[in-house]
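Two complexes are shown next, each including chain A; its partner changes from chain B in the first to chain C in the second.
Entry: the complex of A and B
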């Protein structure tokens, strides 16, 4: 005789279905690893934001130039990295990886850390021009050796800030 | 009847006029809308069942018998009613009136009861019976500003909200208000006879304000008291609809 009561069996079945559901369709969109705060992918080059933005105090928008000009913050081109790394630390192993990408005309395939669901429309330009600090959403990037997703980016996270600052809270501001 | 005072809440109150004397039923607006808003195609079988999804459709009215036949056309899209019958029946507030006078449909809030589609006197709300399937080269022409709708939710004309948002974004960068004619929905931009005019009706110098007060304006099903933001212009000479 099984030790699990009928209610226990029901609960177990429910949990199994919930787990399967979370793995497919809806789940991948909303509970997939990219939407968890523990999301910390291994990047093709061990780039350190702590070294560049923290210790050497390079402004965020020196590399992410599109943040103030468009919706996307943008990832800098390999040429931009080579502005400095043609001479600076050129013999370090990670810089040599970069050099290989540059010589072979290949883009670096960075893994995306911060992503929003497709039904959300976000504009970097509007927020930067208003004077919102990058760290407000992206967390203490200048202290991160490997970048991880520091906020859950749920709707409440956006909305609380919008309400505090009198920004529009109409649904169609972000969802269409 | 009292009217919403949009001036108090917001400077913009979007409205549209469609000149029925200019419309020749070519259908360019229908295609433009389909392309701009990532509207799914359903195929012949589903269309027969009445599941086709055109946010904007051309209604055709034929009068008389051959050889004295008159055909009249009426482009029909979401009328963005001030007193929208669809809003009051939504159990989850997925549809509501926004401060700019548009009737909002929030896709990620919708649970697909289809009450709104049932209650719409203009039949301009469309239900997704299947997931949209844009495969191969089709997916390359999708508009990145518009989300793809999933199975089981309602959708309808948004007056090209993504274009309004972009227009306001540009205006804000330059520290001014949106100018008249700066924002054009896809249908208005495509119309070869310029039958469709879009603008801010709170701006008394706008083209749309002038047309609405030209004495030719009619609203569809005015007796229903829905007070639509989309208005039609009928000619003095031709007896249109």
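Entry: the complex of A and C
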């Protein structure tokens, strides 16, 4: 190291720290709030999965109907909510909110809880058809008043399950 | 600052920079309010049939929509015009829907007229203003569009046509207008043979850039593919004559660089060879002999030996080109811009039509020509179709546009309505539409974007994108069968826009005028109801709604392949009794001795006249010949360029009697040394960041000279001079100009 001049050392240290800074910036974004298990946003309507899926035992795929049909599970249309709420809970403030959205032809802007980085390709349909339970990845949704991200969804999480079940572990299975 | 604190600051700056650059991850999930039809899959989406409006060709398209957004546009496989194919402009149309420069609300002029300063107003106010102006403008209203034959024009005609002194004019593509006029000048013969490239074994393209800018590039490109590949033992041969090796010419087997303006002469010379051959073989019957003798006399001065010098093709070669027109195999000559764009345009078009007719009759006698569609380009059919929308079958030519502009300059018009056309940019600058618009009392413009013309308006009315609106249209180039194109909204409007048809109807209604329907959809349904009996595809037992849905799901109405009965073969006698002029005068050119080069303006397949210049996808698409992108260029033969010491990228000033522009040089071997070529569509000044100041607009160079017979713009009859401007630029290009093989010549 003695051959490096003091100015050279300074530059090296600066570059290292700058690179670390850049990496941390990258990290905050890719492993930012939405990717933390504590991610528990306040939704426009205080919808309770505990009440619907837990107490009333409505099957997940009654609302998330696309899960078995496509890559995405999909969030139900407001119209679908109204199938029941036309008649139920009209006196409750949260259901009233729902009514307002529907009457004003305005979509509900739900805050996203579960998301994967863009470099990961995930397909709901395949997992559902294989018989993987929703809870395996999404956690005990039927007990949650407010949905939160119950798993970290890091690569190890996916891989361990793929290995247990003999699913492919080639890179391009997910990074396609 | 010591080193430690400097490093700390550096680290923070670096990380925050990266943080900012990464942007945001998706944070919201927004579902439908009302679930679309059962079975809609959010990922796979739905395909809806509609009609492309990126140009006036009227290609049928299908659009994939996912979660209420248009994702992909493809050709409609059952459509008679494009048969499942689509050009780059159509493919790129989705980019226009979600374009950042789209007009999102009505705008009212704030500053001085033409200042381009606007303030947003509500739709109610905009519609009330338009209604008020229309009602108070009796006898002095004009409606100007691009000649797209859609229901907006029909509605405008229905509302305003009742006023005395109403003028309807179109701002056609140069070249195309004369094409449409051309077929109709041969009044003595009922029809001009349809350019059935698909079934021809030999096609002679006389300056016809049919795969890039002519009547309908998609239709002809499809026919070309069929002529080359679809027949087991026949491979269609094509020969191109014209002053520049266009991308169409590059697809042909041979190119003859004929001097500008002499293609009509060449056509008559070929006709001469054909007629002489029929006489010498003794094929003609008595009635025909009279005609043949008359023609032979008229064509005497076009004998190959006499015109060889003029057209710069050896007499022997002209005879060889003529041979397929005499032989049994179907041959067709197709005339294009490089015939139509001169002062003798119509004469040239007539000459080509004559050549086709004579050759067709010879072939027909031998029952060798078997076209798929009606073998005629039926002008009556087009007029009948236009009448569906209440459009008058008038010939809309440049002359009419010029008359309109002159009247505007004279202050004759109180109100003008402009619908999706940009004459300030794409007509010759010497016509000076900008100044003329300034003298119109009130100009309302329907547009998707602010452009050179819209910025001159008093009221800007943002129209729906064609993927968002109801409309119907008649294709500009009729493919031999009647076609009614329907357009339906495949997505919800992205902005606070309204359909031009609806706004016109609402404004007229507000002003107490009589309106033909409440809105565009109703107007189209009325048209469909009227023609219900004629519409063969529709089961008569279907209800009104079911019939309507059937039409929408198909994209329009046209007879199915089996129902396209071959029309009656044109009468023999009419042809033989015809007394045609059979004369093509020498072309006249603007510019004297100081202007040694012919100016050859042309349209590339993706840029056209420049409406797509604000789309990154189209700017990024390389020109098929030069592979240049994001700029305009001046094509010169390398011999001409070297005379001025110019190499690729050197800036050059091109001067004509009307103006001058400066652009970089692109030396190109596929152009005659006496011709300078510049693509249209570049050089916008008020069309958004992507289009502005990118290249130069060559419409500044040409005058308003016309073909005196048809009234079409003689847009290639201008001569220019060039001068080295000094300086050079790097030409952005996607590949080696001579292709992967870098100019190696392959002998097959």
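Criterion: the second predicted complex is superposed on the first by the 150 of 176 C-alpha atoms of A that agree within 3 Å, B and C clash if a C-alpha of one lies under 4 Å from a C-alpha of the other, contacts with A are read in each partner's own complex, and residues count from 1 in each chain.
Simple rule for what comes next: contacts are C-beta pairs under 8 Å (C-beta built on N, C-alpha and C of every residue); 3 or more make two chains touch, one makes a residue touch a chain.
What you see is a predicted model, and the numbers here were worked out from it, not measured in a lab.
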{"item": "Partner chain(s) touched by A:146 [first = chain B, second = chain C, both, neither]", "value": "neither"}
{"item": "Superposition-derived comparison: chain B or chain C, residues of chain A touched", "value": "C"}
{"item": "First (chain B), second (chain C), both or neither touched by A:172", "value": "first"}
{"item": "Touched partner set for A:126, first chain B, second chain C, both or neither", "value": "first"}
{"item": "Contact set on chain A toward chain C in their complex", "value": "10, 13-14, 17-22, 24-26, 28-29, 32, 34, 66, 69-72, 74-80, 101-102, 105-112, 115"}
{"item": "Contact footprint of chain B on chain A as seen in their complex", "value": "118-119, 121, 123, 125-126, 129, 170-173, 175-176"}
{"item": "Chain B to chain A touching residues, read off their complex", "value": "96, 98-100, 102, 104, 106-109, 145-148, 158, 161-162, 165, 169, 172-173"}
{"item": "In the complex with chain A, residue positions of chain C that touch it", "value": "3, 6-7, 10-19, 22, 25-35, 41-44"}
